[in-house]
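Chain lettering (A, B, C, D and E) follows the sequence in which the chains are written, and residue indices restart at 1 in each chain.
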Amino acid sequence: MNIPMIYALLGITLFSVGLYGLIVREHLLRKILALNIMGSGIFLVLVALGKRSVGDLPDPVPHAMVITGIVVAVSATALALTLMLKLVEVSGSAVLHDAPKERS
Amino acid sequence: MIDFFSILLLLAGALFFLAGTVGLLRFPDLYTRLHALTKADNVGLGLMIAGLALQAESLSAAGKLVLIWGLVLLAGASVAYLIARGALLRGVLPWKR
Amino acid sequence: MGGLLSDAHWGVLLILLPLFGGLCSFLWPGAVKFIGLATVSAVALSVVGLGDQLLTTGVYHHAVGGWGAPLGIDLYADGLSLFMLMVNALVGLGVSIYALDYFDQGEARRFWPLWLLLLGGLNALFLSADIFNLYVTLEIVGLAGVGLASLSRSGAALDGAMRYLMATLLGSLCYLLGVALLYHSAGTVDIPLLAERLESTPPVWAALGLICAGLALKTALFPLHFWLPKAHASASAPVSALLSALVVKASFYILLRLWLEIFSVRTEGVDDLLGALGMAAIIWGSLQALQQTRLKLMIAYSTVSQMGYLFLVFPLAAAGAFSAWSAVAYLILSHALAKSSMFLVAGNLMHFGGHDRIADLDRAVQRLPITVGAFALAGVSIMGLPPSGGFIGKWLLLNEALNQGRWDLVIVMMIGGVLAAAYIFKVLGFAFTQAPVTHEPKGVPAIMEWSALLLAVAAIVLGFLASPLMLILGIGETVQLMGAGQ
Amino acid sequence: MNWHTWIPLFVVVSSLLPGLIIFGLPEERVGLRTILNLTGAVIKLLLVSWMIWGVYQGDHFETRVALLPDLDLVLRAGPLALFFVALSTILWLVTTIYAIGYLEGSPNRSRFFGFFSLCVTATVGVALAGNLITFLLFYELLTLATYPLIVHRGTDTARRAGQTYLRYTIFGGALILLGTVWLYQLTGTLEFTPRGFLTHIDPQHYPALKIIFVLLIAGLGVKAALFPLHGWLPQAMVAPAPVSALLHAVAVVKAGAFGIVRVVYDVFGVEFSADLGVTTPLAWIAAFTIIYGSLRALFQDDLKRRLAFSTVSQVSYIALGVAIAGPIATIGGVVHLVHQGLMKITLFFCAGNLAETLGIHKVSEMNGVGRRMPWTMAAFTVGALGMIGAPPVAGFISKWYLGVGALEAGQDWVLLVLMGSSLLNCAYFLPILYSAWFKPTPKSWPEEHHFGRQETAWALLLPPLITALMALAAGLMTGLPFSPLEWAKIIAEREFYQP
Amino acid sequence: MEAIDIALGLFDLLLVFLLLWLAWLVMSSEDLFKAIVLFVAFGLLMALVWVRLEAPDIALAEAAIGAGLTGALLMAALDRLNAVKPMPAAAVVTSAKREQPSLPSKVLPLVALVLIVLGLGYALLSLPDVADGLVPNVKEQMAQSGVKNPVTAVLLNFRGYDTLLEMVVLLLALLSVWSLGGVRKLSPRNTNPVLASLCRVLVPVLILVSCYLLWVGADAPGGAFQAGSVLGAAGVLLLLSGWHVEQKILLWPLRFILVLGSGVFIIIAAVLFFTQGGLLTYPVAQAGWLILLLESAATLSIGATLAALFFGGIPKSRVDQ
C-alpha cells in the first residue's frame, strides 16, 4: 500500500460519508455540504490513482477533469443554495417533507 | 550556517503557532481568542517566512514570500477587527473575571 | 461551406447552434421567442441533414480538436444517436411552438435561454463517445432541468425542483465515480476503447454498479423514482413535457449505450435486476397513476411506469438482440411524443379550468375538443394500442420477450397496458361528464391546442413508419460498432 | 399499378375521411355534415358493389403496406370479407339516415357523427383485414371509436357504462395481442389463409396452440358477448338508439363474431381446430350462451335490455355454426351474421322510435302501441318473428342450416339447443307482439311527440321498414345469385372447404 | 531522505485522519454554522492534499473555489437563512427532533456506509499498482499543444471541448439562479472604514494575481479557472464592502461579460470548424495565443459569474421588471 492509494481510499470513504450524510441528515444545507464532500472524495480518487504512472509526471488528464469537476460543483452548490433559500421563503422550512402537501 | 538560522527561525515560528493554538483553545472568550490567534499567527508566520526566505533560490522568490506575509498581516488584522466588531454589534460581551 | 455541410458536420452544428442560440437569447431578452424558434428549427433541419448523411455514408465520427481518442474527445453518431436527436428535434419543436403562447414576457425571457442550453446539452450528450464528456453534458442537462423545473417559482415547483436537484446531483456523482474507476482501469474514457480494453475486474464491477445506480436514479427507475412525480408534476406544462420526454431519456440513453458497448457481455445478474426493477416500475407506476386525483401527477406517475418498459431491454439485450433495443428506441420516441403531448394537454386544461383535478374536468371534451383529442391520441400510444408508435414498440418488445421465453416480462407488459388504459380512460370519462361544480371556461390559445395535438398525432403516425425508422436505427448496428468506426 | 390494389383502401378511407372532416365541422353545419355522411356511404356502397362483382368473377383485391419490416398491413377482399363489408356498408347507410333523424336538434352531433364514421371505418377494416395484426389494429380502433358513442350523453350512467365496456374490451384486446404475438413467434406469419396456416406446425407446439386458441377466442368473445364475457352489452344500452343498433347489429358484436369465424377458419383451419379438439368446447359455450341469453331476456322489462340479451343469445348462433365444424352448419353460422344484423337492427330502430315518439322504454308500456304506430310495429313484428325463426323471415334460414349441419356433423344435441332457444325466443317476443297489437290503447303515452300526419318522422320510419323488408327478402329470395345464402355458400366453397 | 519520507508519510496519515474527522464533523455537528466553518477547514486541508498529490493546479483551484468561494456562498446562504426564519432556534429544535430516528434507520445507513467503503476499497485495491493512464499520449502531443503546462494543455486543447461545455454549466447555474428571482439581501452592515480600506488594497492585488495566474497558466500551475476564481473573490469582497453596481452596467455589459467565456469559445470553435474542418482544431502555430484568448475571456466570465452567484438573485434591471 502506497501513499496515493491511501488517499484514494480516503476518497472512497469521504464519498461514503457524504452519501451517509445526504441520506440521513434532513436539513437541505447539510445535504448540500454532503454533496460537496462526496465530490471531494471522487476528485481524490481520480487524482490519487493518476499517480500510479512510472515517470515523474503525474497523469494530467485527471487533474483537468477535477478542475472541471470543481467548477461544476461550485455552480451546482450556488444553485442549490439559492433554491433552498427560495424554498424556505415560500414554505418556511429547509427540510423536504415526505407527506404530500395539498396545494392548489 | 544559513541552514542553522533557517531551522532556528522555523522552530521559533512553530513555537508561536503552538502558543497561538493553545490560546485559541484555552482562552475564555472570542476577543481574547482573537488576540491570541492573530498575534501568534502574524509573528509566527513572519518568523517562518524569514526562515524560508533564507532558503529561497532567488531574490524574487524571497520577495514573493515576504509579499505573502504582508498580505496575511493585512488580512489577519482587518478580519480580526471585523470579527470583533461584528461580535460587539451582536451583543457578545467581553469576558470578565 | 456548403461542401463542408453536406460532407460531414451536421453533428457539430447540432451542438453549437443551440448553445449559441442560448447565449444570444440571454443577451437579447427582447427577441427570445424569435431566437428560440429559429434555433430550434435550425436544429431540426440539422437533424434531417445528419440523417441524410448517415443514411448515405454510415456512422458519423469526428475527433474534436483533431486529437482523437484516447487523448481527445470523439463525437460519434449512429442510428441510435440519430434516433435520440430526432426525439429532441420533434419534441423540442412541438414544445417550443407551444411555449410561444404559454409563457408571459417575464417567464419567456427566463425559459428560452435555459431551454436552448438544455437542447444543446442534450444534443451534445447524444453525440458523445466519451464517458467524461458525457458527465459534463449530464450536468448541463441536470442544471438546466432544475432551472426549468423551478421556472414558475411556486412553492410546489421549488419543492419539486429541489428534489430533482438533489437526485440529479447524486446521480451525477455516482456516475462520475464510476467514470473515475473505469478511467483508471483502462486508461481511457473513450467508449470504443473501453470496450476493447475492459476486463471483468472488481473495479469494473464497482463502476458498473455506480454508473447503473447513478443513471437509474436520474432515469427514475423504481424504487429510485421518488423525486420524479413531484418534480415533473409541479413544473410549468412545457417544462414538464421537456423533462418527461427528453431529460429522463438522456440518462437512460447513456445507460443503454454503455450497456450495449461495454457492459453487456460482462454482466451476470445485473441485467435481471434491472429488468425486475423495470417490471416493478411498470406495475407500481401504473397503480400509483391510477390512484392520483390530479392530472399532472397521474401523467408523472405514468412516466415512472413507462420508464419501466425501457429497462426491460437489459435482460433481453443480453443476447445482443437488435430487436430488443430497437424496440426500446421506438418506445422512447413514441413515449416522448405522447408524454409531451399529455403534459401540454394538462397545461391547456389548467389554463382552461384553473385546476387539474381529474374528477372536475367538467365536459372538457365539449369545450376543448382538440385538447382532449390530443390526450386521447397520446393515450392510445401510451396504452400501446394500435395503430401507434407505442404499439409498435410494445409489439417488438413482446416479440423479443416471447422469443426468449421470458413470460414474466410478457405478463407484466400485458398488465401494464391494461392499467395504462384504466388510468387514461378514467380521465377521458370525466371529460365527458358534467362536474358538480361547473366553471366558466377560459379560452385556450389555438397554438397551444394544436401543438399538443400535433405531437399526439406524430405519436400515432409513428405506428406506420416502423420500416423506415428501423432502417435508421440499423445504421451502424450499434452493438460493437463504435469500435468499428475507428 | 392496378386499381385492384387500392380499392380496399378506398373503401376504408371512404368513411374515414368524411369522419375526420366532420370532427372539424361546426355544430350548425347540418347540411354539409349530412351530405358528407351520405356521400361517403354511397361511395362506399358503390365500391363494395364493384368488388362484389369482381370477386364473384374471381378477381383479387388487395392493399398491402409495410407496417413492420417483416409484417404488412393487409386489406384483402375475399368473399367472407365482402360479406361482412356489404352488411356494414348497407346498414351504415340506413343507420346514418336514422341517426340524422334521431339526433335532430341534440348537442355535439359533429362529434357523434365523426365517431360514428370512425366506427364504421374500423368495422370495414376488421372485415377486410388480411392478416391477424391488421385485424387487431382495426379491432382496437373499433373499441376506441365506440367508447365516445357509448358515453355520448355524458351522464354518470353513461360514463359508468363506458368504463364497463372498456374494462371488458381492453382486457379482451390484451388477450388477442398476446395470442397474436405468440402465434407470430411460433409461425413467423399472420396471414389469413384458407384452411389455416398452422397445419405444418410441429406437434410439440400443440399445447401452446390450444392456449393461443383460447386467448384469441376469449378476446373475441368479449365483443361477441360470449358467456361469461357479455356483461358490458346490457349496460351499454344507455347509448342513443342508433348506437345500440350499430353495436348490436353491425359493428362491435359482429366484429367479435366475425373474428371467431376468421380465427377458426383462416388461422387454425376448421379441420385442424377439430383435430386440436378446441371446437367442441367452443360449441358448448356458444350453446350455453344461446340458452342463457334467452333466459335472461325473458325477465327484462326494459325493452332495450331485453333486446340486448337477445343479442347475446343470437350472436352465439354464429359461433355455434362455426364450432360445429361442418360445411352446412358453417353456411348457417355465416349467413346468420347478416340475417341477425338485419333483424336486430330493425328491432332497435323500432325500440328507438317508440322511445322518441311516445316515450316508451318498457315492455309493460307497449299495450296497444300497434294501433298508434302500425308501420313501426309491423317492422318490429317482422324482426321478432325472424328472431324466433319463423318462416319466411331470414332467421328461419339460419336455423335450418344450423340444424341440418349439426345433424350432418353428428352433433344431434345442437337440435335441442336450437329448439329450446326458439321456444324461449317465442316466450319473450310473442307477449310483446300480443300486447302491442291486441291489448287496448292507454289514454296517454309516457311522453308523446307529434310528427305531422305520419306516425313518426320519415327519417325514423323509413330505416326500420327498409331493414325489415330486407330481412324478409333474405328469407324469401334465397335462390338469387347475390342473396346472403348464396354468398355464404360461395364462401364455404371457396374459402373453407376447397379441396 | 528516508527520514523525510517517513515524516511526509506521517504527515499524509495525519492529513487523512484530519480530513475524515472533519468530514464526519461536518455531517454530524448539530450547529450549521459550525458545520460550514469545518467545511471550509476541510477545503483548505484538501488543498494541502492536492499539493501532496503533485496537483498544484487543483490545489490553487480548490483553495480559491472549493474552500474560498464555496465557503463564502455557504456563509451567505446561512446568513440569509437565519434572516428568513425569525426563530432559527425553533427550527433547529424541530429539525433536531426530526433527526432522532429509530435505531434501525440509524444503523442501516451506517452498515451500508461500511459496506460501500469495503466494496469500493476492495475494487480500488485490486487495481494494478502501475498504470500510465494517458501520460505517454500527453507527453507525445505536448509540443503541438501550444502551451507547456500539461494540465492547461488538457483543459484548453486536448479536452477543450469539455471546458467549453463546462463554461456552459457555469452560465446555466447563473441563469437558473437568476430565474429564481431575487433573494434577500445579506443582513445589513454599517459601512466600515477598515473593510473599505482593505478592499482598496486587496482588490487591485487580487486583480494583479488573477492576471498573473492567467498568464503563467501556459507554463506553470495556474490558468483561467484559478485566475477567474481569484477575480471572483475580488468581486465577492467588493460586494461585501457594500459596492453597488451601476444600473447601466447591469443591463448589457454584465450580461456580455457573463457570456463572454462561452461565447468566445463557441465562436472560435465555429470559426476553426469552418476553416480547419474540425471542432476546436487549433493550427499548431496559433494554438498558443488562441488558448490565451480563450482563457482571458473565460477568466472574465468565471470571475463575473462567481461574483454574481454570490450576489444571488438577479440584479434589478429595467429589462426584467
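Observations
We take it that contacts are C-beta pairs under 8 Å (C-beta built on N, C-alpha and C of every residue); 3 or more make two chains touch, one makes a residue touch a chain.
Nothing here was measured: the structure is a model prediction, and the numbers come from that model.
Between chain A and chain B, the least number of touch steps comes to 2.
Under the contact definition stated at the top, no chain borders both chain C and chain D. If chain E is removed from consideration, the chains that remain connect by touching into the groups A, C, D | B. Comparing the CA-atom centres of all chains against that of chain E, the greatest distance is found for D.
Centrality by C-alpha centroid: the chain sitting nearest the overall protein C-alpha mean is C. For this structure, the chains sharing the highest number of C-beta contacts are A-E. Note: the chain lying farthest from chain A is D, by mean C-alpha position.
Here the CA centre of chain B is 27 Å from the CA centre of chain E. Here the CA centre of chain A is 66 Å from the CA centre of chain D. Chain D and chain E have Cα centroids lying 73 Å from one another. Chain contacts: chain A has residues 15, 19, 45, 49-50, 52, 61-62, 65, 68, 72, 75-76, 79, 83-84, 86 touching two or more partner chains. Shared interface positions of chain D, i.e. residues touching 2 or more other chains, are not present. By the definition given earlier, chain contacts exist for A-C, A-E, B-E, C-D, C-E. The residues of chain E lying in touch with chain C in their complex are 119-120, 122-124, 126-127, 131-134, 137-138, 141, 157-162, 165-166, 168-169, 171-173, 175-176, 178-181, 252, 255-256, 258-259, 262-263, 266-267, 269-270, 273-274, 276-282, 319-320. For chain B in complex with chain E, the touching residues are 71, 74-75, 78, 81-82, 85-86, 89.
Per the touch definition, chain C reaches chain E in the complex via residues 1, 4, 9, 12, 16, 19-20, 22-23, 26-27, 29-30, 62-67, 70-73, 75, 106, 109-110, 113-114, 117, 120-121, 124, 132-133, 136-137, 139-140, 143-144, 146-147, 150-151, 153, 158, 177, 181, 183-185, 187-188, 201-203, 205-207. On the side of chain D, the complex with chain C involves touching residues 23, 65-69, 73, 107-108, 111, 133, 136-137, 140-141, 143-144, 147-148, 151-152, 154-156, 158-159, 162-163, 166-167, 170-171, 173-174, 177-178, 181-182, 184-185. Listed in rising order, the residues of chain C touching chain A in the complex are 132, 136, 139, 143, 146-147, 150, 153-156, 158-159, 161-163, 165-166, 169-170, 173, 176-177, 180-181, 183-184, 355.
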